[in-house]
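Chains here go by letter, A, B, C, D and E, matching the order in which they are written, and residues are numbered from 1 within each.
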Amino acid sequence: MKRIGIADTTFARVDMASAAVRSLGATGTGYRLYRRTVPGIKDLPSACQALFREEGVELALALGMPGKAEYDKTCAHEASLGLQQVSLLERRPILECFVFESEAGSEKQLARLATRRAEEHAENAWNLLFRPRALARRAGTGLRQGFADAGPARPVS
Amino acid sequence: MKRIGIADTTFARVDMASAAVRSLGATGTGYRLYRRTVPGIKDLPSACQALFREEGVELALALGMPGKAEYDKTCAHEASLGLQQVSLLERRPILECFVFESEAGSEKQLARLATRRAEEHAENAWNLLFRPRALARRAGTGLRQGFADAGPARPVS
Amino acid sequence: MKRIGIADTTFARVDMASAAVRSLGATGTGYRLYRRTVPGIKDLPSACQALFREEGVELALALGMPGKAEYDKTCAHEASLGLQQVSLLERRPILECFVFESEAGSEKQLARLATRRAEEHAENAWNLLFRPRALARRAGTGLRQGFADAGPARPVS
Amino acid sequence: MKRIGIADTTFARVDMASAAVRSLGATGTGYRLYRRTVPGIKDLPSACQALFREEGVELALALGMPGKAEYDKTCAHEASLGLQQVSLLERRPILECFVFESEAGSEKQLARLATRRAEEHAENAWNLLFRPRALARRAGTGLRQGFADAGPARPVS
Amino acid sequence: MKRIGIADTTFARVDMASAAVRSLGATGTGYRLYRRTVPGIKDLPSACQALFREEGVELALALGMPGKAEYDKTCAHEASLGLQQVSLLERRPILECFVFESEAGSEKQLARLATRRAEEHAENAWNLLFRPRALARRAGTGLRQGFADAGPARPVS
């Protein structure tokens, strides 16, 4: 039984964790879930560290939704660097799943995008732990999460 | 009895620490406070490290108020990265509560915003330590500190 | 027998790993390959760490293709910092081979550029491990990967 | 007898170290000084590390003067991040005292500003080590170094 | 006999290492040189780490020449952060000597600037190891490498 961690925030405007949980359930079995909710994205690295150290999870999903302001980009950057750092310190992968409010034109689109991206990153999480060859088979094929895949570039002729 | 640390600065133009202390007192009991005041926000990471190592606090509130100049944004960014780093090195959460002078239109608004944000982050601190489920119940609901909550985005129909 | 790691992504739109493998085969022998495919470039540092720790590789090639959006530059920057960090933590070199979608004018050019750059970085990887003097002999001569070499600047007369 | 370190550069155009030394002398006693001069601000983190490890100082003052070019801002940012890092690695505070050439309108102003800021940071250094309550009493009062204090914002009415 | 390391790149368009070697020879004796050539500036941190760990050098000179594109500035920034990091991890100074292609108007100027800057940083390296007081005597005097010195600002009258 593998352990998967989910860290999310009260700042986000969509319940991305529930979408991730549903998606994991639809993708496969063999895991147990642990969860931490923190105020904002800058608190996610510490939450992931707690999931690794206190719950023994092997992989963490970090779900966050930076706001629309210019400053929110800086916060997201800082959070990302913290997530990288804790992943390397604890030697465990973290899949960062951020949705910027500015990516969507309406609240409805925002909810849809955040839901879809969380679902697809959850699927990636399951594959990384249980079926890494599924990822290797799709290397370099232009996959995207939340939006349509870009697809492979036309090969050199 | 849990230990909570508060680090603040002489640079800030509002006594955010007093607001945080009052808010903690109104939120709950079961903790003891430790405090360090340093010159500016870039000194906060070192102050938090001292609170963790010398006072044994389990969580630190880092209160700061970057100035209006462009360079102050860089300083805030550097301070944030330092706070992330010390949080991960010491394996303890730090709630960063920064108020940019440029967020407020007047001194009065600035004082109000800084006071309110410090209060709400202090409440978050107490919840993280004593009632983590209170945060989990509000995951993805668009909470904000110092301003009105953004609220949840309308669900996918 | 030395061990070389290759980390790549499903996000990239060109199969750079295959190009690197072919190029290594054409450059020399004496090595065994290990590979990890992850969703995006921010997952490459963790993948390289796994290659170092779990497979014992002595050098890793990190292959990635950031997208066209402004935000993708930030992601690439974060991934680069993570790659630096893991290289220093694990005390092993990582050759970062990133191709930005915006470097190419068409999909065909993109495929060609990504293929060529991966090939040339693979050659560098082999030289670093087996023939470091080949690099020393070309120090300061303006070599490039994927594009034509810039060549040495005209000497001081 | 406490040990205080001073790190400065040959790049700076004002002898800030002498100003700091004078100011420390006027503020109090009970300390011994150690000094390292390096070429530029990016060398200050390594100099501070040497002061901590080889001289056993308990606090370091890092004095620097970034130039006027855009690139100098990047260098200052990198130096600041290095100073944060070494402070946390060695678990000792570093007071960063940087004066940007562009902050002053003339060489005379530059000399005055650099001198005054070094003096005031030296005073902060002494207080941090010997009289931390002096800082706590002035928390949130808008102190500045080198320029006039901003003062506290008007309280919430 | 002290050990000095030199790390340089095949990307640079000027053989800065030869200039540094000549300058060290003209400045003093008492050292032995070790060298690593890597593809680009982002590979310099790993090369310096190898020089520290495998060759036991006490100081490293990191020579690099970022290209003209906007992206090259980002690469230089990442390389600088990596150099800071390895310097602090290994507790040894690294003198970074970067010359941006955009600093020079012609190839001839570029060669001259790169040569001169490498020479002057090599002299700094020798002084740091063998004659640190020579640097202390010139603290705050506005020295530059590769260009004319800025000189001290006029003192406060």
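In this text, a residue touches a chain if its C-beta (ideal position, glycine included) is under 8 Å from a C-beta of that chain, and two chains touch if they have at least 3 such contacts.
Being a predicted model, the structure only gives us computed values, none of them experimental.
Trainee: Just send me the rotation angle from a CA overlay of chain A on chain C, rounded to the nearest 5 degrees.
Mentor: The best-fit rotation has an angle of 70 degrees.
Trainee: Using the average of all C-alpha atoms in each chain as its centre, how far is it in Å between chain C and chain D?
Mentor: 40
Trainee: What is the distance, in whole Å, between the centres of chain B and chain D, each centre taken as the mean of its C-alpha atoms?
Mentor: Chain centroid spacing, chain B to chain D, equals 25 Å.
Trainee: Residue numbers in chain C touching 2 or more other chains?
Mentor: 81, 85
Trainee: From chain C, heading first to chain E, what order do the chains fall in as you go round?
Mentor: Moving around the ring in the direction of chain E from chain C, the order is C, E, D, B, A.
Trainee: So in the complex, the part of chain D that touches chain B is made up of which residues?
Mentor: 73, 77, 80-81, 84-85, 87-88, 91-96, 100, 121, 124, 128, 132, 135-136, 138-145, 150-157
Trainee: Under the stated contact criterion, what part of chain C meets chain A in this complex?
Mentor: It comes out as residues 8-18, 35-39, 42-43, 45-47, 49-50, 53, 65, 67, 71, 74-75, 78, 81-82, 85-86, 89, 107-108, 110-112, 114-115.
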